[in-house]
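Right after this note come the structures.
Each of the next two complexes has chain A plus one other chain: chain B in the first, chain C in the second.
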Partner chain A sequence: MHSNAFNRYREKESFLHRLDPRVKVAATVAFIVSNALLPDGAWFAFAFAWAFLLACNLLSRLGASYTFKRSIIALPFALIAITVLFSVPGNPLAVFHFLNSTFAITDAGLLRFASILVRSWLSVQMAILLVAVTRFPDLVHALEHLRVPAILTTIIAFLYRYLFVLTDEVLRLLRARESRSAAAPGSRSGGGVAWRAKVAGNLAGQLFLRSYERSDRIHNAMLARGYAGRLYTLNPHEMRSKDYYAAAFALAFVFLTQLIGRF
Partner chain B sequence: MPVTHIANQFAMPDCGGDILIVNDLHFSYPDGQPALNGVSLKLCEGDKVALMGPNGAGKSTLMLHLNGILSGRGEVEIAGKRLTRDNLPLIRSMVGLVFQNPDDQLFSPTVFEDVAFGPLHMGLPEAEVRARVDAALEAVRMSSYRDRLSHHLSVGEKKRIAIATVLSMRPILLALDEPSAGLDPRARRTLINLLRDLPIAMLVSTHDMKLAQELFPRAVVMDEGRVVADGLTADILDDEALLTAHGLEKP
Partner chain C sequence: MLYSPAPLHIPDGFLSLMVSIVCWVAAALTLAAAISRTNRSLGERQIPLMGVMAAFIFAAQMINFPVAGGTSGHLLGGALAAIVLGPWAGMLVMTAVIAVQALLFQDGGLLVMGANILNMGLVTAAIGYGLYRLADGRSKTVKLGITGVAAWLSVMAGALLTSLQLWLSGTSPLQVVVPAMLGVHALIGVGEALITVSALGFILQTRPDLLGAESESSKAGKGWILAGGVISLFVVFLSPFASSHPDGLERVAEDLGFLQAGQAAPYNIVPDYTLPFLGQTALSTILAGALGAITVGLVVLLISRGIKAKT
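After this line comes the complex of A and B, so read on.
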């Protein structure tokens, strides 16, 4: 039983795949921060950023629409921003009456909402591209090199390693429940809602206990091999001139986007 | 039926214990459950020993004492060095402990990082670490798996990588907890050949009597936290009364 649902890496031979992971991580973060810093309604700058994203898509040889198709899944989260439609002061465009209160959609609110949507949509796509062209261990190495605190990179590395193990564990628990969810002849299978909820709660409790005990065993395995509170890793990455050029180009692009957005 | 502990009638020629000496080891788990009730054991250079006994006999608990993950009352000596708090790191590089579940043993994203974990934490220089990783993977015949992700491996592959993760520390004693559990016949056969070829003293806990018979000249039987027999595997596996009394079976 294997769950590969979390493996987003797409094996391909391309410029972006070969690029040093540090450059990719730094450029992605710069791109996302740049999007966040752009003023509302800077459409030219957004279009410019989008063009950069498309270019990256093409460079990765995954196809121009690779990240677009996968970005839709993140859009519902952007709907959290829907409150800004009503909360930003400006000229009202439409007025609703609801439960004795009046809500007005303002033009400034609409502008901000659309901008937030575009910003998050662009940012999510770049992040999707990053994990599609970088192997996960390389991502963690890159974070280590970029001086992200060891405790965070360690947690991320462990999370990734055991996500698969835990999902398999969940699948096994669910399967065990399924195979015993039987029905006597002539009666309906399963009990009441409360009973089912209790079973689900027990499953969650089981999973927590198993994970907790597993963490104990993993800690023992680490101690047995000399772990004393500090993690050491060897990183085979080396920046080549190509990587420096790519980093410089990405930074220049971000700078240019900001210029376009502000003037 | 209470288990009676007969005196050990399988005595082997006395060995000085130049690899391992365990003397009168007692241990109880925090919940008060006694796990070891005075275990004594000696291992010498080149000894390959099967550790047998029913579930709950204290086999795994004993293993966890060999490199100080648990510490009970009594003495543990590795290669003449008494296990204390101060020399714990040294002892841990000398005792390669492999856990039963390889998913607990392989905690790094890639095979390379897992095998390099021990040597790196011993403070070895990078070139030496790389050389040791290559040698350890070569020893378990998994060199081509160097850059693979651990969670994509089969159980048999994980087991062999788990052994490589301690071989890279160049231990003088291998302690394996049920290495053949859950393996299909082919993976089991590969593991047997691998263990036979490794020129290191080993203490292997197992329920696999055939494995013990084939691989280990000496066997130690534990029950209720005590060593109840220690001698030639052939003799012990011949003694049906002893095996039955301790929940074991003739192969």
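After this line comes the complex of A and C, so read on.
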């Protein structure tokens, strides 16, 4: 497998890339919380937040539309919210008939639906930008500095490290299944759904055993190199003056957004 | 496609702040217990093991099998992780998986991650392990049968919790979201059950020693059976009730004040409880002023530290 398949980091020389990962994580979370706090229909505040997002995009030198192009990922979930169009009481905007029942899209419903979509869309873009300008190991170290328990961050670091290896393992298992599933033209290979599920389960069990045995070898190898329960990094992770300024600026921006949204 | 988003991962923006915070608190408390237990009972050898096992769950979610009409079933893994690794380690492993899915792939939001961890990692592990321990000392067939039921129920529990959170946030009405989510996940759960059962059967057949080593004492097992049983009963009784009588559940939630609390922002709740003698406008001004003062103070503090760091 191409080792880049799970890498969301985009190498560039920019202010955002150099910023301390702690500040980036905190600012992203503050931005998302701020979106959740904005009332429905606070369009000026949403526009202001979007402008901030665009500015961050430009600052990262990845191009103004970098996150926009990748932001459709949350859209399928919008299906879940589409029913608020009809369910929130308000003035009917459009009425149509379907299967003997009447549906009315209300203005309040439309307002809520659009607000939910905008909040989600802004939040997901900031998260996309965060991983594009921060290397994943730095992100994990930032979480550790932000008081996430070490056991969790270590598990996450290992998960990321062996994700690539075990994905290769899965692809090998799937290829093996594929190559044994030949069928004559017009007919389907394999048995019924339950049988196919059983084969998939056996693959999962096989993958578990391989992973378990691999983790044993990994641990022995780590002990051989002097592992004592801690992972080290060469990155010093020191907050410099511009990191503090950037954090202050992001906080002030979030506060301003809330003011715009409320008054 | 190597990685396809699962329908249970809630993105940011779909849950209200209040519901997100409550879910984060519940998830954090459970995880704190899981961390202290894991630190006490397992050696440092277990941390690389759990990391690789988290990667295993992540990779195992890519294993799929064709069902019909282009759809395919695949594994979520919460119940399987808890059964093969033990409940606390299973919870930590699932949390790491959900965190990486949210951080790296934006599959599930950051603010709502507490809810996602609760729905897909903690409840699934409690049900999976609790019911599995019911089969202690029984034959392999009984064990696998109960595992299948547990895997199916764990998916249903996640779907039920997700729909309740969406409803309390005002994102989707109860009479739509519960039947829709439960209907879809009743099928997804069957796939989960089939894969979990045959994966566990495979492990029991080839390396039964791995499963024996992880099980806790019988006393701890009783607690898990109780926890898993209670959550399962909750799912079994609430699901049909919520699907057939959404109005009843809605009325109960309204009487208890859940609905208003779920949709309100935290600072909107405070006035009702703390300073009732102050008028709505006066109080909101004071609160806004206090919030502003704190924010400005923080900004000044950060700038001053910036100046200090420079010199």
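Methods note: the second predicted complex is superposed on the first by the 201 of 263 C-alpha atoms of A that agree within 3 Å, B and C clash if a C-alpha of one lies under 4 Å from a C-alpha of the other, contacts with A are read in each partner's own complex, and residues count from 1 in each chain.
Definition applied: a contact is a pair of C-beta atoms (placed from the backbone, for glycine too) under 8 Å apart; a residue touches a chain by one contact, two chains touch by 3 or more.
Please read all numbers here as calculations on a predicted model, not as lab measurements.
Undergrad: Identify the partner contact of A:232: answer first if only chain B is touched, second if only chain C is, both if each is, neither if none is.
TA: Only chain B; A:232 stays clear of chain C.
Undergrad: Have a look at where A:200 lands relative to chain B and chain C in the superposition and call it first, second, both or neither.
TA: It touches chain C, and chain B stays clear.
Undergrad: More chain A residues touched by chain B or by chain C?
TA: C
Undergrad: Does the superposition put A:174 against chain B (first), chain C (second), both, or neither?
TA: Only chain C is touched by A:174; chain B is not.
Undergrad: Between chain B (first) and chain C (second), which does A:128 come into contact with in this model arrangement: first, second, both, or neither?
TA: The second partner, chain C, only.
Undergrad: Between chain B (first) and chain C (second), which does A:255 come into contact with in this model arrangement: first, second, both, or neither?
TA: The second partner, chain C, only.
Undergrad: Applying the touch criterion given at the start, work out whether A:137 contacts chain B, chain C, both or neither, answering first, second, both or neither.
TA: In the superposed model, A:137 contacts chain B only, not chain C.
Undergrad: Looking at the overlay, what does A:14 touch: chain B (first), chain C (second), both, or neither?
TA: Neither chain B nor chain C is touched by A:14.
Undergrad: On chain A, which stretch or stretches are contacted by chain B in one complex as well as by chain C in the other?
TA: Chain A residues touching both partners: 136, 157-158, 160-162, 165, 214, 218, 222, 228.
Undergrad: Which bits of chain A are touching chain B when the two form their complex?
TA: 2, 136-137, 140, 157-158, 160-162, 164-165, 214, 217-218, 220-228, 232-234
Undergrad: In the complex formed with chain A, which residues of chain C make contact?
TA: Residue list for chain C touching chain A: 2-3, 5, 7, 9-17, 20, 31, 35, 38-39, 44-45, 47-56, 58-60, 62-68, 73-75, 80, 84, 92-93, 95-97, 99-100, 102-107, 109-111, 166, 170-173, 176-177, 180, 191, 194-203, 206-207, 210, 265, 288, 292, 295-296, 298-300, 302-303, 305-310.
Undergrad: Provide the residue numbers of chain B that touch chain A in the complex, in ascending order.
TA: Residue positions touching the partner: 64, 67, 69, 89, 92-93, 95, 97, 99, 101, 103-105, 107-110, 113, 116-118, 120-122, 126, 129-130, 149-152, 165-166, 169.
Undergrad: Touching residues of chain A toward chain C in the complex: what are they?
TA: 5-6, 8, 28-29, 32-33, 35-37, 39, 73-74, 76-77, 80-81, 83-84, 87, 112, 116-124, 127-128, 130-131, 136, 139, 149, 151-152, 154-163, 165-167, 169-170, 173-174, 193-194, 196-209, 211-212, 214-216, 218-219, 222, 228-229, 239-245, 247-248, 251-252, 255, 262
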